[in-house]
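Look for subunit A in each of the two complexes below; its partner is subunit B in the first and subunit C in the second.
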Partner chain A sequence: MAALPAMRQLGCLRSLMRTPKFSPMHLSSRFISTVYSKKPEPIPFPQNLPQQFRSQIPIRLQPEQAPKKMKVYPPPPSSRAVCKDPVAHVAQSQMAVLDPNGERKALFDYRRNPRSVKPGDIVRVTFKNGDPFNGVVLSIRLRGVDTSVLLRNELTRVPVEMSVKTFSPNVQSVEIIQRSQRKTRRARLYYMRFVLELLGSPPENLLQFRALY
Partner chain B sequence: MNPRLGKLLQLSTPLWGVQWMPVRSLGIRSLNPPKPSKYDTGPGLPVLESAPEAALRRKARTTPHRTGAITIKKGMTAIYDQETGKRTPCTVLQLDRVEVVSHKTPKQHGYYAVQIGAGWKHPENMTKSLLGHFSAHGLSPKRHVCEFRVKNESGLVPVGQTIDASWFQEGQFVDARSNSKGKGFAGVMKRHGFGGQDRSHGVSLTHRSLGSSGPGQGGGSRVYPGKKMAGNMGNHQSTVQNLKVLKVDAENGIVVVTGSVSGPKGCVVRIQDAIKKPWPEIGPAATAESEIALTEEPAATAAA
Partner chain C sequence: MIQLKSLLTCIDNSGASIVECVNVLKKKRPATIGESPQTRVMGEEPNGEWRQSNSLGNRLGDRIVVVVQKSKPAGSEAPTSSALANKVRRGDIRHAVVVRVKKELQRPDGSVVRFGDNACVLVNKSGDPVGTRMNGLVGQELRKRQYSKILSLAPMHV
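Showing the complex of A and B:
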């Protein structure tokens, strides 16, 4: 049948029919370098060795003179294992004092909290000395204790920007005056600095200004 | 006569009946050894300014009384003052298994210093000689070892004593020395702040190079030693002085200092009492703790 020309193409399957042959020689051959050889046991020093032979043996090989086994002491408990991230530890201890309820954190965590302050909102920050400052939020810099917001406003037709550290003890309260009319497409609204220049004269009211953009 | 031959050969009168052997003296010897002057001996003479004692005396005012500690720079954050609301940027340092390894004394080494070790290194990755150095004092192998100069023997903390973060007090000032960040091979503009050359006006291909490396025939036609040139920048030791300790957390081994410290995160920072501020007052509590630690340590080693 195998001789039939039509079946000749199936000759390639012949190797599947064969039973695999493993030669024991092939399996056991290894490189000399990989052959495991057990470390030889040290030959004990002969007892009752006459003095004339003993003096011929090098001093370091004589049992009394052999180098002493060095004792390696275990390490003391590690403070590094106790506190893996000391920077976070210091920052958290700060946060526990500055923002014990986590309200301020939630107010500016615009990545996670949908009700937080967002870029484009108009907020009023009241400081401890009583000064208020209104402004459009240009950017929120989320850095743990160092979180800050960049506010922009026009005071007596002079553009003013103020970076406020949100967790500073000087900041008494932060309230949202107006949410942005539509969703801003970017997180940093620095382009708003140039919008006023294009307008020529800034609008009287900040809310109007915000309504334009 | 050959000066290398010993004195015996140089005797003018021969000794009869003695077998003569040339005596070899090895090493370099002065042909004209200094003769002691009769005016240079006796009590009450001033110590020469070039002597090591004089050098130690000059340094005594600015040598700290206490040893410092090896710390690891962990990063920076900020601390707010609750009353004033002032924000202070700070660097967080961590002490890890800082122990006294050995001492340096004037008799043997010429000065007082405390050798401090920190961290832990696997004994297999350590040379046998260094391992023996630690084992001889009953200490585990240390990853970082360095020494801190102290003024006198009262600053020599006993070997084996642990130095934790409470060694430093909140409000005291420290000097922090560490290796700055390496910048690699840098040009003169970056490395020394040279002005570079013009963008145009005929300058070609040498906009950022140095102009001249020195005068010609009038100046000796050579480059003077120490000429500022391009080369390896950074990764050299830099000391930041007078950093205030803002926070100490002995449990976690944290020391927080004001401002910045040279080097990347994870680098070794050595902190010691600031030499330009009054030495800190060591409270009785700190010394009591150290005594307790001292009494406990020998018992622990005996048990081990």
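Showing the complex of A and C:
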């Protein structure tokens, strides 16, 4: 069809005179720019421009319309430079209050201190506001200030487990009543809960049982 | 965590040995002997005492309604020894106070206590225990409520 107007003379002329029109397809192909063209530099406002000519310059280019300079504040000083690990700092300061001479820490640091409380030992925890609690140590949860020890005992034939925070100000003293008879092969003696059930009739309290065991 | 159909041991000498919970009073959650940790707001007073907020009430020693499922065998059926005879029988509906729970409960000082069983004490509507003796320990949480009679009857509190 494109060759058809070229056959007729008039038609050919007309096609030459016609202003080039972009078809939508043509346009879309034109948008793909392959050459990077720099953004034109803004033309500075003419210096020494007489006042009467000012009105000829479009309003958006007038110096009053220039974007206002935003005030940029510097960021506040980072406290990271002061204290890199605040959690450790708080824990340390708490430890300094709760355990000033590190005795309690050494008493439960069963991984390093050979003289510490170990799972399987029988300990007595004395509280400031209540009766002391004896029990077999089932597990020691070493978590810094949150270190706790899980004690189990059988009182009036009812098994009782108590997890005590070792650094609690409520804990007055912790004493080892009896070391475990033989070295325990595990750090958590949760199986002690079921050993008694297997025995059928539990002994009067677990302390005796542990001594036998 | 005592809720509907929970079976508890009754540790007093009222005659019941196993009871079943049929309702938890004044509470939409399962009954326990301690306050649930979610509702507790703790802080330390200047004098070193622990304080608890009473905004939601102290949920200590929750009251439940129970049905006696199993009663202890009566010692003697003689009418003269009425004190020894069972005060409750199988099928009776009574109020009770939870004194021990299997679910671990956290104390304000951070310690956690877990008992080996769920246990309760039968009480009357006014809160006095039905039995006159108690065998077995009870939780210390009862101290905060008016269950001092249960505490004094119990051989031990933990």
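In the analysis below, the second predicted complex is superposed on the first by the 120 of 213 C-alpha atoms of A that agree within 3 Å, B and C clash if a C-alpha of one lies under 4 Å from a C-alpha of the other, contacts with A are read in each partner's own complex, and residues count from 1 in each chain.
Note that a residue touches a chain if its C-beta (ideal position, glycine included) is under 8 Å from a C-beta of that chain, and two chains touch if they have at least 3 such contacts.
Values in this document were obtained by computation on a predicted structure and should not be read as measured data.
Student: After the superposition on A, what does A:Pro159 contact: first (subunit B), second (subunit C), both or neither?
Tutor: A:Pro159 sits against subunit C, while subunit B stays out of touch.
Student: Could you look at A:Pro169 and tell me whether it touches subunit B, subunit C, both or neither (first, second, both, neither)?
Tutor: both
Student: May I ask you to decide whether A:Lys71 touches subunit B, subunit C, both, or neither, giving the answer as first, second, both or neither?
Tutor: Only subunit B; A:Lys71 stays clear of subunit C.
Student: State whether A:Pro86 touches subunit B only (first), subunit C only (second), both chains, or neither.
Tutor: First partner only.
Student: Just to be sure I read the superposition right, which of the two partners does A:Leu61 touch: subunit B = first, subunit C = second, or both, or neither?
Tutor: neither
Student: Which chain, subunit B or subunit C, is in touch with more residues of subunit A?
Tutor: For subunit A, the partner with the higher number of touched residues is B.
Student: First (subunit B), second (subunit C), both or neither: which does A:Val35 touch?
Tutor: neither
Student: In the superposed arrangement, does A:Gly130 touch subunit B (first), subunit C (second), both or neither?
Tutor: Only subunit C is touched by A:Gly130; subunit B is not.
Student: Which residues form the common part of the subunit A surface touched by subunit B and by subunit C?
Tutor: Common to the two interfaces on subunit A: residues 165, 168-170.
Student: Would you tell me which residues of subunit C are touching subunit A in their complex?
Tutor: Answer in residue numbers: 48, 100, 104, 109-117, 119, 135-137, 140, 155-158.
Student: Show which residues of subunit B lie in contact with subunit A when the two form their complex.
Tutor: 72, 74-82, 85, 87, 90, 92, 94-97, 99, 120, 123, 128, 131-132, 134-135, 138-141, 162, 164-165, 247, 249, 251-254, 256, 304
Student: Any idea which subunit A residues touch subunit C in the complex?
Tutor: Within the complex, subunit A contacts subunit C at residues 130-131, 133, 148, 154-165, 168-170.
Student: Given the complex with subunit B, which residues does subunit A contribute to the contact?
Tutor: For this pair, the touching residues of subunit A are 70-80, 82-83, 85-87, 89-91, 94, 97-98, 128, 144-146, 165, 167-170.
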